[in-house]
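Below: a set of structures, written as structure tokens.
Look at the two complexes coming up: chain A is in both, with chain B in one and chain C in the other.
Take a look at the complex of A and B:
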């Protein structure tokens, strides 16, 4: 009985998402161009890593394979989060145009509506670049495989996606206050994604603390990668990698608070 | 000339209205500056020597001038002209006594000015305060750097203008815009200095207009390029500015002949 209720309650979202997906695939050429575009974005991000390793053998204590693993894990989590909730970025536009009010009068929660307002399928381009990088990194790296390793990888991808989604949601909540200053939040959404791709050893201590405890993007890729590869970093012991879900939960706690504050603050477009 | 100046000031004032947006942009640029500076310094430490002519202080200058000029030079392009072509509003621009390309260029230079002052310089000073940064080595470098920044704005604008005008022929130019942005972002020297590229990629970059949009002014201001090389760096920029502006005129005229506005 409870199960039917749940599936009934989720039905509107399924219908919405399916319609978004169908809508995007109507214009075939445009859809393919968009996918190629996000493949390009992924490749450009990879090129940055690759060009650095063209000049040096080790960066921040990581060799190329290890850096590739960090790159892959963070890009995988980011593109998944971007696909599901990245369009919360559009919120300032909705707020300015007064379209948020239209969401309020519909019989579904605001955040759920915004999340399902789009399903950016074009992000599969970047996602596939990340998957290929992950495949290459996992096969070429020297990994002591065990069920724990597999579990850790799955846990990392899920929690990493949760962390980035939380960042996007927190950014969305803050948009109700910022409006014109929408770009502030890019500092920790896109900036966080950029930081997550790096070996955390490149950062001076204050920045490292920031990316671990304030905006926890170090948990997305670097800390798990150190554990998977069995590397030695006194600041990232391997047990810490198992705390990635905790970081995700805390990030979601903050995101929920930001979202609640933002929606309470919102006074309507005055129409 | 007077009209040009008035349009430029209008562009400056239009973009200076959104002060919070400038502060937000500066914050984001600074956060990326911190991350990029950390990565590049780690790379230099690992190499143990200068890479591609960049040592630690000039690398820091590369990073922070890059972040400062990111908002000044319109690397990511604009959609205004494209939208006006699609809606037919471009016809109004054709009716005006000023050439549309020149009018939009003036507005963009104004936008660049306020972004340099309100967004770029604060980020640069923050970088200089927190890192050991190389300043332009001489008065010549300062002066040539200033000219080079203006040229970079012109090159980026005129390239984007041509892309926008493709909307005369194509219904949707999003794919082309995206391709332009990705190639440009990589080859202009925003993420990494062009001299760090492997040979083949550097050759491609040097044959493209993209380094003229960012790498050339940064090279001069960071003091990596000095003496006679300054003249050739600026010369390449002048070439691209003239070539892309001329191309813009050709495309604009062809588009004007094609334009058909319904109703009236």
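Take a look at the complex of A and C:
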């Protein structure tokens, strides 16, 4: 019974997302080129890692396999979040199109409607690059496998996706004020994604603190990778890796506040 | 029961007051035209009725609910069409938009289909169901928007400029549908428009808003009587003709080009276009005619002037 009510409660969102998927499938050729495009983006990101480790053996305490694991975890989380809620930072476009006013007169929460108003299936390109990288990293790295390791990996992917989703949501909330502030919020979303795929040891301390406690992208990949591989970083003890959900919750706390302030500030599209 | 109730409703934008102590109420089943010049406060009012905009002060209830605190519940019970903005999914066939909205309103699929079929039949939109929304003409899209807003059988239908940009035939079909729909369902209607024809055919009551204040509340006849706004019949004649001074129920306003074009004002209560035309064409050869509806801006201007503000 509880299951049917949950499924009923979620039905509007299921229908909305399915309609978005259907719309993208109608332009098959452009859909395929879009996917190839995001595969390209994923490969370009990977090329950067490869070029670096072609020249040095160890960077920021990570060897190539470890760096590959960090790359894979962060890209996986980012592309999942980007696929589901990446369009939130395009809020000004929705506002100009009058789309947000239409959301207000439908009987569903605004954020839930905005989140389900698009589903960027083309991002599966980048997602699959990340998955392949994760597969390679996990099979080639020297990992002491245990149920805890598996649990940590799953937890990391879920929390990492939550952290990036929170960043996109916070960016969306701020766009209510900034209107053309995508450049500013990109620093946190795309900047955060870039920071997440680095060894945190390459950052000077202030930046490291920023990417751990302010915009907690260090929790997306680096801190869990250190724990999974059993590496040694005094600033990233392995118990810290289990706190990624806490980082996710805190990020969501901030995101929810930004969102609420934003919707309160909203005055409707003109006219 | 009042479907809409506002009391001393105020909304400020920075330093300007968009709405100033607006007080009115609309009873269930009424059809109300809400008119005023651009920027007079119409959209601001609608945004506060629907929970989009927070009032600066004052009281507002829609279907007895507070739109800010109970937006979702209000959305369940009202249908809204913003003439300039679409609530349909432009990249999918029209029928998908109805299916999605049915799910959004938590109607089951059978009920959604039955209601869609009914509305589609009444609005004669069957042939367009498989067409992508972005390929619909403006008139077709507007009818689709109204069907979409009525899908969940709301108690209150709010239409913001529903006929803007439509051709005469599309306007007429839309009005006929709305009249029939209201007769069957008793849906309460609040309508903003610049088209006097909308008001004449759809509304039994008119609210005029001016600079954020309620300037008039009454019937259309009362409004026309207050300000002397009448429809004008422009008749083009085949030959120069003496002034048409003796047409029953009509008054000559102006005669141009030696009487080749004459403008007659007439009172819609006292006579009809057909009667005036029949009278004139029984005596002279009529080449063409047009009807000038009283312009809302003009009516509003007269109201401002009458209240000593304009």
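As a working rule, the second predicted complex is superposed on the first by the 264 of 271 C-alpha atoms of A that agree within 3 Å, B and C clash if a C-alpha of one lies under 4 Å from a C-alpha of the other, contacts with A are read in each partner's own complex, and residues count from 1 in each chain.
Note that a contact is a pair of C-beta atoms (placed from the backbone, for glycine too) under 8 Å apart; a residue touches a chain by one contact, two chains touch by 3 or more.
Owing to the predicted nature of the structure, the values given are computational and were not obtained by experimental measurement.
In the superposition on chain A, contact is made by A:202 with chain B only, not with chain C.
Applying the stated contact rule after C-alpha superposition, one finds that A:108 touches chain C and leaves chain B untouched.
Shared-chain residue A:186: touches chain B; no touch with chain C.
Touch criterion not met for A:167: it reaches neither chain B nor chain C. Using the contact criterion defined above for the overlaid structures, shared-chain residue A:30 touches chain B, although it does not reach chain C.
Once the two complexes are laid over each other on the shared chain, residue contacts for A:264 go to chain C alone; chain B is not touched. After overlaying the two complexes on the shared chain, residue contacts for A:44 are found with chain B alone; chain C is out of touch. In the superposed three-chain model, the partner touching more residues of chain A is B, compared with the other of chain B and chain C. In the superposition on chain A, the residues of chain A contacted by chain B and by chain C do not overlap at all. Listed in rising order, the residues of chain B touching chain A in the complex are 18, 20-21, 23-25, 27-28, 30-32, 34-35, 38-39, 41-43, 46-47, 51-52, 172, 174-175, 178-179, 182, 185-186, 191-192, 196-198, 201. Within the complex, the chain A residues that touch chain C are 8, 11-12, 14-16, 19, 22-23, 26, 97-99, 101-102, 104-109, 264, 266-269, 271. The touching residues of chain C, when paired with chain A in their complex, are 13, 43, 47, 50-54, 71-73, 75-76, 78-80, 82, 84-87, 89, 91-92, 96, 99-101, 103-106. The part of chain A that touches chain B in the complex is made up of residues 30, 33-34, 36-37, 40-41, 43-44, 47-48, 51-52, 54-60, 178-184, 186-188, 190-191, 194-195, 198-199, 201-204, 207.
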